[in-house]
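Two complexes follow with chain A in common, the first pairing it with chain B and the second with chain C.
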Partner chain A sequence: MSDRPAHIGQPHLRHNALRHLAGRGAYVSDLQLPRMLHAAFLRSPMAHGLITALDVEEARTAPGVVAVFTAAELNARCKSWTSGLGHFAGMVSVPQNILAEREVLWAGHPVAMVVARSRAEAEDACERILLDLDELEPVSGVDEVLLPGAPLAADGLESNLCFRTELKTEGVAQAFARAAHVVEGDYAFGRHTPVTLEPRAVVADYTPSSGQLTVHHGTQTPYQFQDIYARQFGLPDHKVRVIAPDVGGSFGMKLHLYNEEMAAVAATLILHRPVRFVADRLESFVSDIHAREHHVRARMALDADGTILAMDVEDRTPIGAFSAYPRTSVVEGNQSIRLMGAPYRMPDYRGELKVLFQNKVQASQYRAVGHPIACQVTEALVDQAAALLNIDPWEIRARNVVPDDAYPCTSPTGYQFEKLSHEKSLRLLREMIDYDGLRRDQAELRNAGIHRGIGLATFVEITNPGAAFYGVGGARISAQDGAVVRLTPGGEVHCAISVTEQGQGTETIMAQIVADQLGVNPDQVKVTTGDTDTTPSGGAAWACRGAGIGGETALRAGRKLARRIAEIAGAVLQADPDTLALRDGAVVDAATGVERLTLAEVGRIATYRPETLPAGTDNSLSVAQHFAPTGYPFGFTNGVQAALVEVDVETGMVRLLKHWVVEDCGRIINPLLVDEQIRGGVVQGLGPALFEECLYDENGQLQNGSLADYLVPMACEMPDIIIGHVETPTEDTILGAKGVGEAGTAAAGAAVMNAVNDALSPFGARLMQTPMTPARILAALCVGQG
Partner chain B sequence: MTLPLHLTVNGQSVAEHVEPRTSLADFLRDRLRLTGTHLGCEMGVCGACLVLLDGKPVHGCLVLAVQAAGSEVQTIEGLAESGALADLQRAFHERNALQCGYCTPGMLITAHSLLETTPAPDRGEIRTALSGNFCRCTGYESIVDAIAVTIERRAEGAGA
Partner chain C sequence: MKPPPFDYQLADSVSQALDLYARSEGDALWLAGGHSIVPSLALRLQAPSLLIDISRLPELMGITLTEEGLRIGALATHAQILSDPLVRTHAPLLSEAAAHVAHPAIRNRATFGGNLVLADPASEFPAVVRCLDAVFDIVGPEGARQVGVEDFFLDLFTTALEPGEILRSVLIPPAPASLRCGFDELARRHGDFAMVGAAVWLVVAEGVTTEARICFHSVGPTPMRATLVEEALRGRPLAADEINAAQAVLGNDLDPADDVTLPGATRLHLARVLLGRILHRLAGQTAMETAA
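And now, the complex of A and B:
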């Protein structure tokens, strides 16, 4: 095998970016198939109600209409689905179907489906459907939804409590009793939504003569959907092909089951023609998952010198009228309460989680699941403690983080940490930002009436998830991945792998990893992803697993092929394979580096002249390898972020001046791509901290469900982001890589909130709610009251 | 009801019949299969559907196809094939100024138009120019960097 890693660690450019730069991306929303039909949905205008009349006859005769479906036709084609995971004991959620049958559960719930020659005609026909609803009282509050006599979010529920759990160490009460100081707060996080620029898109295509269902689906998890479509529609899974070509953003949003995708599949099974559904932006806001509405009461106990003793946290998180499928909407809260205090030596902890039903859009996993909540609450409390004890915010963190030599260790919430680098990361950040200089500038500018704030946030990120995440709970979600790597007859390399590409650079890093095992250039490795027919089954993209688990799969597959090549070459050369190595596209003598046989020659002989090989030589130039993570249940990473902001205390406007991240994701495969994952992640954390919130009125109506009304971060508001690295490889794998996709999002909001509060500290004002809008900042400053 | 429509797209004359309600973006994508023009919001705020109409950037989702009658439309495909974007494309590639790629055609058209109209924009001006282009992946910095380096390279080229 190749003995010199040459490409892992290099900023190799993404070859697949060139297509996009030429306008030649191939997204599901671009796809046109022969005889393709277009779907549109009539949706509930009310958040909660009972259907009293539904008349679709006039729509059936509208121009261009091929079919109109109600629950009676579509739901019969598909088994209902009920969200749950075995390890969330006591969790409840009512069964779901494609279209509302009797009860509508949120404003936007699909009630009828029109399939027509064009999307415009399908929409026109939706206008001709008569729908009458008896309005039921919508469930939209937080604590009050659990009061006796409160209306229930869905028929069949006994209460609006989806799930409750509590984690508790034995000494937590004692820790608070003996604490010298306790800081506390009520923290509120606004519900927001991923807003992928390409909306959800699906083209479902059933061919009755072959029994083949092909679903072109803009998703990050094609194998999961292959399994869902097969089981829900009663098809053998090898007759279900899911193809995920270019995907215009996903971020966790496109791995959940949605009514509209299921409807498109049901419709093609009935109509035997391709059926396309592409959400328009207004539909996206009322059907894509929302995320991260949390209401957290938290306390932190410290001793007299500022050592953290314990935290006590109550997290209530409303999710919609049911839990999302197949991953549940409980994971977000579960991770939130388990990540609290994670960077710190904190012996005791109590965390209580209540997951609540409401009549709103379903809420579930979105990039950095649970992390921003845990980080923001913890880091806000740490800053409050620092202020109370008059300790510098950097210093109190340095005193309390788990020391770099204290690993392995286990958090009071049960997370096992292999090796993290908080101390090293904090020291590097301090140098990078010139912390003392920033503090001096801040003091001088304050005298001039300019209010700048510096915010710090340490974090821990969950990556490389094993089966402990979903598999043990009974979900058919793979924690393993697979790759087939082959040497072509011409001596080039092809790698088909189950981890998928949404622009993060999966295909590029797989090419780098495989190239190093085979002694070739990454440009010689073609990587195929996103098609269940042409790649082995695996987990694909979720919870930061591509580099760590997918990368290890590619590495092991590459090594297996390298060994096979050495054996074939050894047979040709009458040499011991152990004395051969692969370098620069050839088999060489390992000791001298002298070229013995080119890979092109190996490909030629094994493919066209296998009869010349000695008897018993295996000429298979394709090898398959699967890899399931072993060792630690998760591969945790860590880092620290810093934000520099300026707050205009007259207008409440926040200007983001600069942002820094120090991140330790283990072995860095491609520094260019790692940095861009961090930057993109940071901005997805800054959005909800300052702008993004799905605003509902008391009737459960979304008030700002368009891109003109829902504020997302734009270029003019975002800061430059400076990144530094610490590299602590995991010893669980040969590659040593961990994930990096969620790190930016995990702590950006926490850093900015601490920075804003730092800027406001001379006024005695403190924000505990995000997004930190100008109105909320002014309210905190009491300017509103004059 | 359809109306006849004559226009020039990427240098080629096009004659079609369209419904009056068909947007220019839908016409380009669905009829001419120029799918590099993307739809993100269909209300003129995300910038994914930007095309050049008689040389000026417009939102393809806000212009009706019939409004483009007699005009010259340039899409990302035409601009890319003409070579007009070559240095921007190179800088975007080198700087990894795209991830999912869905905003990229609109970003390139905004950048192209900025560089045509403003001689030497600084980073702040670049960020302001991009304020109508939504990108959910990159965080924008790499896009700003790629445009900035293109400006530098063009200045060096002009000076050489």
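And now, the complex of A and C:
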């Protein structure tokens, strides 16, 4: 193999960016197939009701309409699905079908599907469908939903409790009893939604003559959907091909099962023509998963010198009328209660989770699942403690984080940490931000009536999940990945791999990793992703696993091929393969570096002149490798963020002045891409901290379901984001990489919330709810309340 | 989000446009910059059979200075309002406000006339033209008529324009000497419709406010004049105490309703803060140069 790593760690530009810039992106939204039809849906206008009449006859004869489907036609084509994971004991959720049959469960629930020559005609025809509903009382609150006699979110439920669990160490009660100080709060986090630039898109195409179903699907997990389509529609999985080409943002939103995608597949199975569904923005708001509404009551016990003794947390998180499939909507809350206090040496902990049903859009995993909640609650309590004990916020963190020499260790919630670097990260951050200088400026400006705040947030991120995540729960979600790497006859390299690309640079880093194993340049490595027919099966993109698990897969595949090349070259050269190495596109003598045979020559001989090789030489220039993490169940990473804000205390407006992140994702494969992951993640964390919230009324109607009213963070409001690195590779893999995609999102909101509260501290005001809107900030200041 | 089917006709002249409208039997809408009407069609909030494109009518173009004042054609884009030298000189309040209207891409297409006719209560220009005492030049099947701004904005998205009438231009009367004016707004993000905004137009002679027009947007169904505030300022020095007194009476002028993101009381508070900030800024400013 190559003995000279030259590309791992280098700031290579992202391969596919040029293609995207040139307008050559290939998104499902842009796909045009011959004879393709377009789908639109009639959706329930009510959050909860019973269908009393549904008449589609008028729609059938509308211009351009090819078919109109109701539950009677579509649901019969597809097995129903019920969300659950074996390790979430006691979890319940009602079965789901493609279209609402009797009961509608949220405002937006698809009731009928129109398939027409164009989307406009399909929408016109939807207006001709008559739907009558008897309204049922919608479940929309939080406090009252578990009371006896409360209306239920769906028929078949016994209560609105989806799941309850409790984690508890022995000494919690004692810790609180002997604590010198207890800080506490009720924290509320608003529902928000990912808002990908490209909405959900699918083109389903069934060919009866070959029995082949091809689904062009803008998803991050093509193999998962191959399996779902095969099982739900009763097809052998090799006859189901899922192609995920360029995907315009995903963020966890595009790995859940949605009614509309299933409907498109059912429709093509019936109509034998390609059927396209692309959500428009209004549909996205009422059908894409929402995320992270939490209501948390939390306490933290500390001793007299500010040492954290214990936390006690109750987290209630409403999810919609059923749990999402196939990963469940419980994982969010499960991670939230398990990540509480994770950075700190905290001996005792109690965490209780209640996952609740409501008649709203389903809520489920979204970038940084559970992390922002755990981080925001923990870090708010730490700041409250610092204020109470009059300890500097940086200092109290430095005193309490798990020391860098205390690893491996286990958190009171059961997470095993291999090696984290909180102390180093805190020290680096302090230097980077000139903490003392910031505090000096803050004090001076305060005298001038300018209220700046500095917020810190340490965090732990879950990456590189093993099969403990979903597999053990019985879900058919792969924890392993696969790659086929081959040397072309011309001496170039091709890598087909199961991890997928949604703009994060997967293909670029795979090329860097493979290049290093084979002694070539990354631009000599073509990487193929996102097609279940042409790449091996694997987990693809979720939970920050691409670099750590996919990267290790590519590395091992590359090494296997390197060995094969050395063996073939050894046979040709009559040399011991162990004396050969791959460098600069050639097989060289490892000791002297003298070139012996170019890779092009190896490719030529093995492909066109195999008969010249000694008998028994394996001329396979394609190798396959699968890899599943063993060792630690998760590869945890860590870091710390800081925010500098200015609050206008008369208007409640917050200006983000600067944001810093120190992050330790283990081996950095490409610093440019790591930094962009962090920056994008930070912005996605700042959004729900300040702007984003799905606002519902008591009837379960979304009040701001358009981009005119739902505020996503925009460039003008975003601060400069400055990034520093600590590098602690994992020893579980050769590569040593962990994930980084969710780190920014995990703690950005916590840092900003602490910064806003720091700014407001002279007024004795404190916010415990996000987004921190001007109205809420003024309310906290008791200003402008009439 | 696809519009229902409609026909489209490009008009070459006002008379042809009026003709097309007459033949549509009232089932047509004018299309100018399209930045409000096209989204509303896509949202299926409106479903006219015909869109008559008036965006190339020469009679609606141009920004000219006349004896009576500054005449702004209805088709002037927001971008022109922002940068046109005549507007900057003779109606600086408008160019100041234009910087807050949407984003550059939208300002390049959206028209001044379309914005005023739409009469979105959250819009900036309606508040400004109310301060400027503008006169609307309207043509219809019966000929032309002039409507003063005080009679133009009637209610939420409702103006004195009758169906089938076209707003041709808007006249801004000449600015008096010793004019001080300022515009500002509070918006969650750059380019968003504001939580509250205000246009302030004062004549201040020797430190004393002699005339005042103050108009808010996003606080009621129409651009809202704060007449009691104006009264409180008139005849008094423009100084801290008087500004406080003016802020104090704003609650009698405005009574914004609660909405999903902002309680009415908080909106009123924001209006008061904004008013104070603009007035203090103007108090510190010497009279602007008015054009000869």
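Side notes on the structure shown:
Just so it is clear, the second predicted complex is superposed on the first by the 784 of 786 C-alpha atoms of A that agree within 3 Å, B and C clash if a C-alpha of one lies under 4 Å from a C-alpha of the other, contacts with A are read in each partner's own complex, and residues count from 1 in each chain.
Keep this in mind: contacts are C-beta pairs under 8 Å (C-beta built on N, C-alpha and C of every residue); 3 or more make two chains touch, one makes a residue touch a chain.
Note that the structure is a prediction, hence the values are computed from the model and not measured.
After overlaying the two complexes on the shared chain, residue contacts for A:Glu123 are found with chain C alone; chain B is out of touch. By the document's definition of touching, of the two partners only chain B reaches A:Leu673; chain C does not.
In the superposed model, A:Leu778 makes contact with chain C only, not with chain B. By the touch criterion defined above, A:His20 reaches chain B but does not reach chain C.
Contacts of A:Glu198 after superposition: chain B is touched, whereas chain C is not reached. Between chain B and chain C, B contacts the larger number of chain A residues. Of the two partner chains, chain C is the only one touched by A:Thr651; chain B is not. Of the two partner chains placed by superposition, chain B and chain C are both touched by A:Cys716.
Contact with both chain B and chain C is seen for A:Arg281 once the two complexes are overlaid on the shared chain. Of the two partner chains, chain C is the only one touched by A:Gln703; chain B is not. Overlaid on A, the two complexes show chain B and chain C touching the same residues of chain A, namely 120, 280-281, 708, 714, 716.
By the touch criterion stated above, chain B contacts chain A in their complex at residues 19, 21, 29-30, 33-43, 45-46, 48, 75-77, 80-81, 85, 89, 92-94, 96, 98-105, 108, 126-128, 130-144.
Contact residues of chain A toward chain B in the complex are 13-14, 17-27, 29-30, 32, 120, 194-199, 246-251, 280-281, 502-505, 672-673, 676, 679-684, 706-708, 712-716, 718, 720-721, 744. Residues 1-5, 43-44, 186, 188-193, 195, 260-266, 268-270, 273 of chain C are the ones that touch chain A when the two sit in their complex.
Considering their complex, residues 118-120, 123-124, 127, 280-282, 650-651, 653, 691, 695, 697, 703-704, 708, 711, 714, 716-717, 773-775, 778-779, 783-786 of chain A touch chain C.
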